Amino acid sequence: MEIGFIGLGAMGAPIASNLLASGHQLRVYNRSPERTEPLRAAGATVVASPAVAAHSAEVVFTMVADDAALQSVTFGDMGIVAGAQPGALHISMSTISVDSARRLAARHREAGLGFVSATVFGRPDSAAQRKLFVMAAGAEDHLKLALPLLQQVGQSVGVVGSDPWQANLVKLIGNFMLTALVETLGEACAVAGKADIDPMRLVELLTTTVFNAPPYRIYGPAIAAQRFQPPGFALPLGQKDNRLMLAAAEALGVPMPVASLVHDRFLAVRARGFGAAHDLSALAFEALANAGVARLV
Amino acid sequence: MEIGFIGLGAMGAPIASNLLASGHQLRVYNRSPERTEPLRAAGATVVASPAVAAHSAEVVFTMVADDAALQSVTFGDMGIVAGAQPGALHISMSTISVDSARRLAARHREAGLGFVSATVFGRPDSAAQRKLFVMAAGAEDHLKLALPLLQQVGQSVGVVGSDPWQANLVKLIGNFMLTALVETLGEACAVAGKADIDPMRLVELLTTTVFNAPPYRIYGPAIAAQRFQPPGFALPLGQKDNRLMLAAAEALGVPMPVASLVHDRFLAVRARGFGAAHDLSALAFEALANAGVARLV
Amino acid sequence: MEIGFIGLGAMGAPIASNLLASGHQLRVYNRSPERTEPLRAAGATVVASPAVAAHSAEVVFTMVADDAALQSVTFGDMGIVAGAQPGALHISMSTISVDSARRLAARHREAGLGFVSATVFGRPDSAAQRKLFVMAAGAEDHLKLALPLLQQVGQSVGVVGSDPWQANLVKLIGNFMLTALVETLGEACAVAGKADIDPMRLVELLTTTVFNAPPYRIYGPAIAAQRFQPPGFALPLGQKDNRLMLAAAEALGVPMPVASLVHDRFLAVRARGFGAAHDLSALAFEALANAGVARLV
Amino acid sequence: MEIGFIGLGAMGAPIASNLLASGHQLRVYNRSPERTEPLRAAGATVVASPAVAAHSAEVVFTMVADDAALQSVTFGDMGIVAGAQPGALHISMSTISVDSARRLAARHREAGLGFVSATVFGRPDSAAQRKLFVMAAGAEDHLKLALPLLQQVGQSVGVVGSDPWQANLVKLIGNFMLTALVETLGEACAVAGKADIDPMRLVELLTTTVFNAPPYRIYGPAIAAQRFQPPGFALPLGQKDNRLMLAAAEALGVPMPVASLVHDRFLAVRARGFGAAHDLSALAFEALANAGVARLV
């Protein structure tokens, strides 16, 4: 299939590679062109704008940093909507706001294009190994086209519903649950540290038994070791998602006290100087610091 | 081996049954004698006091409701310490305070008895299936005697350290993590409910993929369905453990904001009338109610 | 002095009346014209647009509901900027976002107009009695013109600084402190209620002694009596200000856990059905309800 | 009147001095005898035990640090109960737990002695100036004896109810409200600091207008200046009272999220090394530190 792929960051690059390896023809676009080289070497065509990437494509994927980036590659003279042929399908994998997703779906519909939100759970190494968990939402005929492709990039594809924004909301909920888990592990390790129990031993005991889901096994040792670099899921991206979660919850009229607590933790840990060079696990630094067991950084 | 077993509640009864089925001779004691019948039928000797249960035993297990119950079966004329022969080992499986565990260990040492804390994770059905996760702590020679027995009642036995109270602290931390998870699921389902996403679909999507640890899979559907009865882990017991966690954390000088939030949730849900007839998952009722999506009960 | 006055709501109307009574000539504008009658009767000229209100005025006051309302009366063909003569001064009394205030100041500067933020503390009856506390910020020469007028509408005028937005931030901080106080009183009355101490007696004892500031004396009895109507400061306006406070704090990188808690309380109390017909004091309903002492409404 | 007075700390000493100055005969006892000198010099009789202080007294006052200290001066061979003549009245001014107050009242009743709880609001300088606010509770005939004496040490005496513990609960509620106010001021000053508004200017603007109650005027400038020494109300005593408030609230079934937040703040600020040498206002350090505007100490 002819596929356009826009956004070759830490997540987009391995997903695009996997689509290419599955036999599709890819036209790829990335804002900073140096990241396109590995794809070009593997056989993709590198193009100069999202519009050109979309030009003859049946499906265009986007995996970009945030709402603003998605707006900018989608609209305008050089954007996907301007370049796409009638009936083409845009599969948006970025973590964006529920509001943006609603508006994007409407704008595509007006332009005679399809739109599916297909958000993913997993870090870059999972993406490389086609181990992502994909959550997709969209109209039935759009999903019919999207699902086989999505199955080529993830280990499972769950269908959330028929409105694209629903997949974005589930993604935000999932990321909220991740941050809740990081904060919880931070408090647990703080107690262990103060009680002269090695936090790594605590984490090992709990995450190999009751709490054996991947996020516990990934974040637990990082927090126990206070090893917050390099970033797998960069702290500011996690903070952005918390903001989107709280905005969606407020619009829906749902109080989320754990998300509010995490919001305050993000602000505090950022005020300490943690940032793009740090992983989401650094959120747990506050719980450790407040108990006096954080190591100076 | 000759074993005394005290406390045949929802957790104690299946554990005792499994020890019996493994070929040990059991003398069992329970405060309310009617619960002893199934064990007697299966070959255990039912006795009239903890002292008698301990009398000729190499090892005495206790699995009772709280600190006070453990004190009462351990001390006094009819207690374990009074009845046990020198060198016998007391394996305490109850979820008790760190402070109590410290004092119990000291008292046993003075009395020439061994003491091991072996706390367990799992609900009654896991106990019946020998699927408990056991966390044990105690002196090396006591553990040498305890571990083979514990392996007969659980699927894994982790050694926390050489001080019995350490196993009790790990248990409290684990239960704290459970309550954090329940609250998190409550907030997640509240958002879904307000967004016209079926909470059960949300839970299914997340707990079969990223969040696939047993507690998510057990509590998620219960919370999504707002099905808080019958109690697997009774709400007031969870509240007691939260209290013990906060007391231990305060003594150690560790702030635990998520545990504090959960503490306030327990009080609110109890003020609504939830109690011993409800499961720990009812903790999530507050998050649902605050969003206006709780069903009247 | 010739004065334009835009916005004759619960706060704007008494302030405008006082300016009129102080001998100024007023041209007043209000979106819903029926609210202009009392002013017309007292001698003000009622006009059909903000532009006309501003036309020959030396100073234009605005006191409107929110950022959007202020934008709409300020800009556009019928707005203040379009109608005002060069060098006129806009005194903005509305509670708006820090961001809006920054942008408004810049736009007025570009248009050759003066801009002062003069936010007020006090409820409608205080406004009527010229008992408002005014917080003003702006350039020195603008303040020179504004302060004498502001002294005619309030009992004191504090100068916050030379940037108008600073007065808006102080207003948001003050309203945050109000909500913190309401929540605190709610928790206090919940304890009293559960302890069979009459909450009204508690409030009387504390607010006539240590806690004798006006907000305690205003909100305390309302909360003790659970009398949340009529609205003095309408609940949704308080919620809006909480949102603006959190947005300003987030932009500045400041975690505000009490403001976050209040944010969640607003969402919960709104989900119960409290709204524009209720006073800010209804925020305390949640604390009372969570203890089981709220009266059904 | 013959009065026994036990406990000559920062609060007890000026209260005792004032009773002496009002013409009563005082027998005073203090654990560390050096603090008795000023009273002896002023005409009081210094005695060697609470029992002797109580011996011929019609009324015995106690003002000691905590529950344990009050138990120790009240009971035992050398205690008040042992020394007092039948019908004597014990006026307990210490901030103690509701539970202790209940038990003390019962024990005095059994011993044929009267018991009144008369808690006080104010710092040592207020005590010296007879400016304390007193909250009293007890049986009518006991209050009849107590009130005239209490009016000699405070500017007002409020009667809470007929059960002594009610005065203790009101004291705990009042101190809870103080800590809520300190936290609130901390968050407010953190915002100001980050916005380049001088926190001292903010505090001056708000505490001379809307928030003009004494605690705002006392704690506001201290927090704005980050001047946490010397202790007026020592941090660990405030922490103790928070613990007693939460214990009373838990027993009553009342969630107090602001008190829970303050509880966590106390633990965090203690973990930083703040302690008995610091004032309660240091509680606000956490809000400032989390925004990155705390000065290193």
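By letter and in written order, the chains are A, B, C and D; residue numbering begins at 1 in each of them.
Note that contacts are C-beta pairs under 8 Å (C-beta built on N, C-alpha and C of every residue); 3 or more make two chains touch, one makes a residue touch a chain.
As the structure is a computational prediction, the values presented were derived from the model and not from experiment.
Under the contact definition, subunit C and subunit D share the contacting chains A, B. Note: the chain lying farthest from subunit A is D, by mean C-alpha position. The chain pair with the larger count of C-beta pairs in contact, out of B-C and A-C, is A-C. Distance between subunit A and subunit B, defined via averaged C-alpha coordinates, is recorded as 37 Å.
For the pair subunit A and subunit C, the distance between C-alpha centroids works out to 40 Å. A straight line joining the Cα centres of subunit B and subunit C is 53 Å long. For subunit C, residues that reach two or more other chains under the stated contact definition are 249, 253-257, 261, 264, 267-268, 271, 290-292. Interface residues of subunit A, counted against subunit D in their complex, comprise 264, 267-268, 271-272, 286, 290-292. Residues 243, 249-250, 253-257, 260-261, 263-265, 267-268, 270-271 of subunit C are the ones that touch subunit A when the two sit in their complex. Those residues of subunit A that touch subunit B in the shared complex are 98, 121-122, 133, 135, 156, 158, 160-161, 166, 169-170, 173-174, 176-178, 180-181, 183-185, 187-188, 190-192, 194-195, 197, 201-202, 204-206, 208-216, 248-249, 252-259, 261, 287, 290-292.
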